[in-house]
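Just dropping this structure here.
Labels run A, B, C and D following the written order; every chain starts at residue 1.
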Amino acid sequence: MSSQIRAKWTKRYQIMWVACLILMFIPLIHPLGLPTPVSKQVKDYYNTIKNLPEGSIVAVSFGASATLLDEQEAQFLATWKILFETKQKVIFFSTTEDGPMVLNMNLNKVKPESYGYVYGEDYVRLGYAFLGEAGQAAFSENIRSVYTSDFYGTNLNNIPLMKDINSFEDIDLLIYEYTSCTDIEWAVRQWVVAHNTPTIATTLGCCGPMAAPYYPTQVQGFLSGSVAGTELEIISGNPGPGAAISDASNLGIIPFFIAILHTNVEYFMQRRKEK
Amino acid sequence: MADILAGLVGTFFIVSVLSMLWKDNIVFRFGQACIIGASMAHYCFMNTQMVFTQGVIPLSQGKLTLVFPLLLGLLLYSRLNKDIAWLARYPTNFLIGVGSGLMIAGTLRGQIIDQVKQTIVDLFAGFASESPLDALNGVIILVGVITSLSFFIFTKEHKGAFGYITKIGRVFLMISLGANFAGELVWYLTQMIGRLMYILNQLIWPLLGMA
Amino acid sequence: MILLALMIASSYYYWALTTDPEWKPFIRHIAALDAIKEGVGKSVEEDKPVHFAMGASGGQMYSTLVSMTLTALAFLRYVSGLCANYGARLIVHMPYQTESIPMIEGTCRDGYLAAGAPEMYRRDDMRYYGRGALSWTQGVTASYAEEGVGLNLSVGIFYSDCPISLEMAHIMGGMNVGGTGRWIMVYAFAMMCDYVFLGEEIYAAAAQVSENKMMLSGILIEEIGKFAILGMLVIGVILEFVGLNLVGVLNL
Amino acid sequence: MATIQREIPKALLIISGVVMLLAFFLTFDIFTELKATLSSWTVLLSAISVWLGPVYAVNAQLMNYSRKKTTANLIYLIVPILFFVLFFGVALFSPGDISSASYQWLYIHIYQNVGATVYAVMFFTLASSAYRTMRMSSIEAVALAFGGVFSAMRSIPIFTYYFPWITGLGDWILLVPNVAGGRGAVIAAALGAIVVGIRTLAGKETTIQETS
């Protein structure tokens, strides 16, 4: 490619990029409220939580990464709100280094106390332990083999909620959060196949295709990407950051499609000329 | 004030990374110099801390077998002197040995046997389903796997009838690449919007007193 | 297990053949290989360096991706030899795994030595950028901008780092050649490279550049594996039709 | 000398590899234990090597500056060192090391912001590469564009709202042709990897036999 042609293309890229940026920016300042249809797997995800009897024990395996939060924060906030609204007892455990920090930021926003929740009685945070597949297996068999104390260093036996909770037998639902696409297999193998624990999953948009084959038989519902977060916000009636992201992505991607159209029109016109 | 300072610092680095798309500039260069230092420091600190907590301290408490990995690790530094660089082959060969053993076992199961199995399962699940479309999908997957695998045959030129088979394989491969592309494109789009939201929420609204 | 045994047995068969000086296996031509030479030539013409990258996380030695690291090293040896022959400068962007540095440096030196120009090797062209894609992509881009890009050869383990390094090399006038065995990222190579090794082609291409019979025999061993799998698929489907359960056997 | 320099390392490679492989197939306690020990050693071993990185990084910048003594090059030499000292120092001297509030501040506002932005940049680089390559000039290019465009539309609410059939088509692409093509490629790449593995464990892999 000669340097002139290259320069011409670079100019085109820059026009497309600027157009994308402007179109992403506008809805953030001036929300448009464009429609978002709710997909089946998100409805099933929501209903799985909603249909739990009040006071069920929900374990949240939390493998979030702070750099990927834009993609997932809407999912998290909406899920925690649903859990608290339906008065479930929640056990959070972090499987990544960033997990506790992200959870901290999340809970500061959602404020469990505003739902009448008391730490230690209605929800508990178990801190961080690196849990690979073997770790998930160990946790499901015996929670205390992985965590002996909570995030704040209190022995699990001294926490009212944890007193009678030891293993998968005491857990009514697993919410499995992960960011490495193949990790869904760990939950399926170690919780679903091994113990038949009802499981729902939340992950990145690009991991959706790998989670789909397990739905709805092994995983009862799943959220993939920020769009799913928005859908959950809509279906649960809890507005959050997802709506703005959806709005912005609706518009922001349009220059990309126009570019694809343009390059093809140009190509076919060139071909006609050559003929 | 402290929040605005944080917003300013964060925004500077966001702009620094993005500015490279326009052209090479001093803001980008300065930002990347900062981040390389920070990244190395984080990595060095985490690992050095681990060497102490999982190596040196247990060793001092009598776990003598840890001498081997600690010593092997130090041998990696022999590369810095050309005359004794061969010493680094000990740890390197050990690591690759462990890796290769692990790789053969894991790959065989997860990426070959499971994939073959799933292809057959998909086909027969399709046949068992009431919808004829599911059966068709099962057949498409089987054809796709066979033709795309054939594309990777190197001992035969892709000509004649075999050429057509590999051509079909290429089409499947390309659709798959397109789908992977789209998954990541939309994810990265969200990341960009997230950064714009950060700039708005952490810097612009607070500066305008609209937080 | 049977598949593994079959592959080991065929390995020994072909390894025995490699001792025969007359033996030369037929392997189809991979276009991207010629492009490496062309790219090094272009770099010399334009007086710009050749860049070699094996991924921000491409130095994995004790994970299931170790073979890709080794394959990348075969390319490094080849391209460093070419650079020595053509008189091009080679910049190596090393992965964050520091344990792989000794081997990367050793391989690079080997390439220069084999080409008879060990004095051309420069340690300061071995670049390190700290942990992860975030600083690696920044460092690589800055290097392209500062020093220019002739050929950018990227082979190895790539995650979300190649969409930046490849596109930036392209925009800055470089010629991209490369590939990865991680299928999920192959799309970036297919779209951004002038010449691409699609998935497994990197293994075959590495064998071809090595010009070593032992490595070449590997391609034939792979072919045996492929035919075995194609056979397994066809037989499995037939067996299932007649009511025998191969899936159950595979589950064992 | 050749024995110490070549043969013993090779033997180390073969033994460690074979042990790991056997541990997968044989479920004796001894193998399970050996596998766990060797795995933990690898992590420790690579952690020790971490200081090689700064050595090479500083060397490269130092040589760069000594060749071309410009102010810019001096800045590129000093700034990474300053930031290294800042991050490392805060981690080392704050109570609670990397979980201390001051380190977290640095980590979130600098490190993670850059991390998230790097992903964001990829939106633009992917879009520009598609602009260039998604031209329907051959059947393969049509397939690539078909897979790419409809899968992308599937994830954008406005398209699925106004054209509900895109959901079905997008899901079909993901679950049928994408799975088929991906599977073929994954199997092929896995075979390539295994062949390298077997050759390595047999001590015949030439890439690791560097001599200088």
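Here is the rule we use: a residue touches a chain if its C-beta (ideal position, glycine included) is under 8 Å from a C-beta of that chain, and two chains touch if they have at least 3 such contacts.
Because the structure is predicted, anything quoted here is derived from the model rather than measured.
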Innermost chain, where centres are averages of C-alpha coordinates: B
Measuring between Cα centroids, which chain is at the maximum distance from subunit C? A
Subunit A and subunit D: spacing of chain centres that average the CA atoms, whole Å: 22
Using mean CA coordinates as chain centres, what's the gap between subunit B and subunit D in Å? 4
Could you tell me the distance, in whole angstrom, between the mean C-alpha positions of subunit C and subunit D? 14
Any idea how many Å lie between the Cα centroids of subunit A and subunit C? 34
Would you give the residues of subunit B that are in contact with at least 2 other chains, written as numbers and ranges? 17, 20-21, 29, 31, 35-43, 76, 79, 85, 91-92, 95-96, 98-100, 102-104, 106-108, 112, 116, 119, 142, 145-146, 149-152, 173-174, 176-181, 183-189, 191-192, 194-195
Any chance you could list the residues of subunit C touching two or more other chains? 4, 61-62, 64-67, 70, 96, 98-99, 101-103, 106, 128-130, 132, 134-135, 138, 160, 163, 168, 171, 183-184, 186, 188, 190-191, 198-200, 204, 222, 226, 229
Which parts of subunit A, given as residue numbers and ranges, touch two or more other chains? 13, 17, 20, 67-70, 205, 208-209, 225, 227, 249, 253, 256
If each protein chain is taken as a node and each touching pair as an edge, is the resulting graph a line, ring, star, complete or other? complete
Complex interface listing, subunit B residues touching subunit A: 21-22, 179-180, 183-187, 189-197, 200
Subunit A partner contacts - residues on subunit C that touch it in the complex: 134, 171, 173, 184
Under the touch definition given earlier, write down the residues of subunit D that touch subunit A in their complex. 104, 108, 112, 115-116, 119, 123-124, 127-128, 130-132, 134-137, 145, 149, 152-153, 155-158, 160-161, 164, 167, 171, 174-175, 178-179
Residues of subunit B that touch subunit D when the two form their complex: 6, 9-10, 13-14, 17-18, 20-21, 26, 29-31, 33-51, 54-55, 65-66, 68-70, 72-74, 76-77, 79-80, 82, 85-86, 89-108, 111-112, 115-116, 118-119, 122, 137, 140-152, 167, 169-189, 191-192, 194-195, 198
Hey, which residues of subunit A end up touching subunit B in the complex? 14, 17, 20-21, 24-25, 28-29, 68-71, 204-206, 208-209, 225-227, 241, 244-245, 248-249, 252-253, 256
